[in-house]
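Chain nomenclature is as follows: A, B, C and D, assigned in order of appearance, with residue numbering initiated at 1 for each chain independently.
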Amino acid sequence: MEAIDLVTGVGLVLGAFFFCAGTIALLRFPDIYTRLHALTKGDNVGLALVLLALSFQAGSWSEVCALLLIWLLVMVASSTTSFLIAQAAQRKGVKPWTR
Amino acid sequence: MIALAVAVSCPIWAIVVPLVGAALTMLWPRRATFVGAAATLTTLAVVTALTARIAQTGVQRYAVGGWGAPLGIDLYADGLSAILLAITAAVAAGVSLYGLRYFRAVSVLAYFWTLWLFVWAALNALFLSGDIFNLYVTLELVGLSAVALVALAGGGAALTGALRYLLVSLVGSASYLLGVALLYGQYAVLDIASLGAQVQPDTVTWVAMAAMFAGLMLKTALFPLHFWLPAAHGAAPAPVSAVLSGLVVKASFYILVRLWLQLFPIAVPAPGQLLGALGAAAILWGSIQALRQERLKMLLAYSTVAQIGYLFLVFPLADTVAAQTAWLGVLMFIASHALAKSALFLCAGNILRYYGHDRVHKLGGAARGEPVTFFALGLAGVSLIGLPPSGGFIAKWLLIEAAMASGQWWWVLVMVTGAFLAATYVFRVLGDGLISGTVSARRQVVAPGMAGAALLLALGATVLGFLAVPMDELRQIGWPLVAVRGGQP
Amino acid sequence: MNPFLGYALSGVLLIGIGLYGAIVYGHLLRKIIALNVMSGGIFLVFIALARRAPGVADPVPHAMVITGIVVAVCASAVALVLSVRVAVETGQAALPGDHEDRA
Amino acid sequence: MDALGLVNAAFDLVVIVLLPAVALGAVMSADLFKAIILFITLGLLLALTWVRLAAPDVALAEAAIGSGLMGALLLSARERLARTRPGRDRRTSHYPRWMTHPPPRRSHRAVSPWAASGLVLIAVAGLTAAVVTLPHEAAGLAPEVARQTPQRDLANQVTFVLLDARGYDTLLEIGVLLLAVAAVWSLGEAPEPPQNAAGPMLQGFVGTVGPIMVLVAGYLLWAGTDAPGGAFQAGVMLGALGVLLSLAGRHPLARLPGWALRLAVVSGPMLFLAVGVTMIGLGRHFLEYPQAHAKALILLIEATAMISIGVILVSLYAGGRPLSDESGTRKGRL
């Protein structure tokens, strides 16, 4: 196994960890706002790590660009949707969780 | 001139012309009537040329895209296809004539033409298809356009009827598609002829056949899967009911016949007897329900449930010595029912327009008020019951003859009872009209074209009684598997 | 190991679940969802069948399933519009004789 | 079995079990909203399955149509049902009132769950028996396709089957799309869209992503001859953009004049038909493309089909004929 493969492997495992953390938070956190917070943060970092890891395996710069583009698009989409969900919840009168 | 005739009789035109017509009516809704009438006339000409070509030169096979089976899709037109194309064209002529006058709102008229041309194109495509997956697509086209036509009537009854029809139709075609998937998984061909040469009586094939038959029986509304039919056929606008009862239910029955003749691996008696028994139940149940109906259109819808039963009586007779008689009988039946029932629905539309209602026991004086419609009603009723000299008479005669010849007398009993019940409900309608009861206030004028269209179809059903011999000659062109499946040709 | 059988059997289960839902539930949206689950199962059987030979996938079922997906979404779109019209006319999102069950 | 094989097998197992579980939720969960979300999830899971089963073209179509568009349609239908008040904007009918009213309830009785379960069990048992006895190694028509494709300059075999070998099916399929629009328009005018003001966030999102989506649609179309993609996937991309625009309050079809909308809807199928008929004029069979021009013709057909598919899908989402329709059917009551 070459060093570059090792870097990829570590990146993928780390990314998977962040995805897992985000998912557990989705299941365990008390209200919609905190869940959104955890989910978007965790998944964005996780995705970034996975894509970074994969870009080491890319055969050309255009593939790296494609991976970058995927990351950017997912970022735009997830931030917009999480904003819209939170906004809808607020309009419906869902109160943020307090201890 | 000859070159032109050959070019025009190519099977693809029977599909392309109405399809183009449908698209053009969408593009120019204001000119829908003109475009629709032109498309109707052209399609009639094309179908006539194609039928004549089949009668003269035999089976037509046409590789769309030039690839040919197994990769491409072939159109396949034999005598059986030709008969159904011709029946469709005959009913279509009547319905188009009627549609010119029936719809008054511009918007509805435009959509009627679009959807009706879609149905026609899809029916022609279905009758010409030689490929089981292509049949699925045509089946969906027929179903979806028929549903939309039902909903054109507007109002709760039509909308709920249409929606139930759509849901049922989707289950039916999904079941058919499942059968296609399994057959493709086993044999890796979709062309019916190649598939027919390969089928073996194994588990996959039987399960696929069961799925396809179940789906198609649901779409044909064979008892006890008829529950959706009366609401849809009864609530649709009159010309639409004519198309649905006359043609659309026969489309799925046609696929059943194709599957039975060409894809059933071996002749086993059990499925045929089961289908026959369901058909017999349909005849009795549908007729009794028809007797109980208050409204003419619902009566006719239940009568369709009963008449569909007759179609299925062919299956127990199809593997006996009398097979050829039975098949001719059932084709005559399809033709005469298509013409007679569509005539009856058009008459019901006229009566509805004239009286403002279609309650069976309040049609007093109809014979004097609306004589042409009433005459058509009588003629078509005669064919529906099966009295000579109508097409219905010949059809039932042939079926009874086949049942006797094969020693299955119990089907004769059912058929005679069905005819008796049909006579009862037909005379229930006619009797009231003939008795010069109170003529209720005349509500609306029935356009001559509307009465004429009904009469034309009813006359067709009568004249059909004299056409059994040419129909049999047409039927024998490319008749599948005559040698293998028993019965003298 | 060739996973085709597992996926195909999973497809068969989807067909069963969809068929059950389409028959039993009265609410129109549920019926439409169930029908789509059922056709999803059929597509799954179809695509699994195309993946039996090692190495190559058969493109013909792929093309047929794409056709099927488009047809299904068209039919569903019409069914959904009809459902809304039915609800406007009759006041309930179910066919007469059925009840809306749990919305 | 090596490590990779083991991971793959584990992955397969998870998906195979998850599919029916999610399907059960989509069909049976008590909350309709939850059911719809699970149905969308099922669509995504199916898309993943298609990738795993080496069907990337189907995966693209499923993710976009089966999951995305169906989800949007279901959610908007749910919202419209919730807004429905019986009796309001009731359509008039040319039949008397006593006829248009739904028939009495006793006419149809729902099937009991037990009977349905019995039927389903029989169906599942039969299908299982059939699937298990299918040959476990079969190439289907793949060798035949591989033999014929080199004749054309199309590396994507699915596009070859869809638009060339079985182009007739695809023509009828575009016919189904056209028919669906005719059906939806015939049912009446589009209901008023919900009045919630789209915030700057969604507007900005559409502004950013919209041009990219158009670009992607073009790419899917262009690359579809050689890589996964094609007219349907590209058309759905445009349709999705239209749905997004509608959600953002900028109804893309409302500004089109009626004739332009109808032309856009009809042009795809009409051009397909025209190409087919032209081939007959050249002495070939319907849709039998000449060798030299096959790829160009296919791209031409796909390009117009893409636009029609996009417009058709947005029209289906709108749920009725556009209010701006000036075809004489405006205010067209029955």
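The rule we apply is simple: a contact is a pair of C-beta atoms (placed from the backbone, for glycine too) under 8 Å apart; a residue touches a chain by one contact, two chains touch by 3 or more.
All values derive from a computational prediction rather than experimental measurement.
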Contact-richer chain pair (by C-beta pairs counted) among C-D and B-C: C-D
Rounded Å distance between chain A and chain B, as computed from the means of their C-alpha atoms: 57
Cα-centroid distance, chain C relative to chain D, in whole angstrom: 13
Whole-Å separation of chain centres (CA-atom averages), chain B against chain C: 28
Centre-of-Cα separation between chain C and chain A, whole angstrom: 31
Multi-chain contact residues (two or more partners), chain B: 71, 133, 137, 140, 144, 147-148, 151, 155-156, 160, 178, 182, 184-185, 188
Where chain A touches two or more other chains, by residue: none
Chain C, residues touching no fewer than two other chains: 15, 19, 32, 45, 49, 58, 60-61, 64, 67, 71, 74-75, 78, 82-83, 85, 89-90, 95-96
Touching pairs among all chains present in the structure: A-D, B-C, B-D, C-D
Parts of chain D lying in touch with chain A, wherever the complex brings them together: 199, 201-202, 205, 208-209, 212
In the complex with chain C, residue positions of chain B that touch it: 71, 133, 137, 140, 144, 147-148, 151, 155-156, 159-160, 162-164, 166-167, 170-171, 174, 177-178, 181-182, 184-185, 188, 190
Residue ranges of chain C in contact with chain D within the complex: 1-21, 23-27, 29-30, 32-34, 36-37, 40-41, 43-45, 47-54, 56-67, 69-78, 80-85, 87-93, 95-99, 102-103
Chain B - residues contacting chain D, complex: 7, 10, 12, 16, 19-20, 22-24, 26-27, 29-30, 62-67, 70-73, 104-108, 110-111, 114-115, 118, 121, 125, 133-134, 137-138, 140-141, 144-145, 147-148, 151-158, 160, 178, 182, 184-186, 188-189, 202-204, 207-208, 210-211, 227, 231, 235, 295, 352, 356-357
Complex interface listing, chain C residues touching chain B: 15, 19, 22, 28, 31-32, 35, 38-39, 42, 45-46, 49, 58, 60-61, 64, 67-68, 71, 74-75, 78-79, 82-83, 85-86, 89-90, 95-96
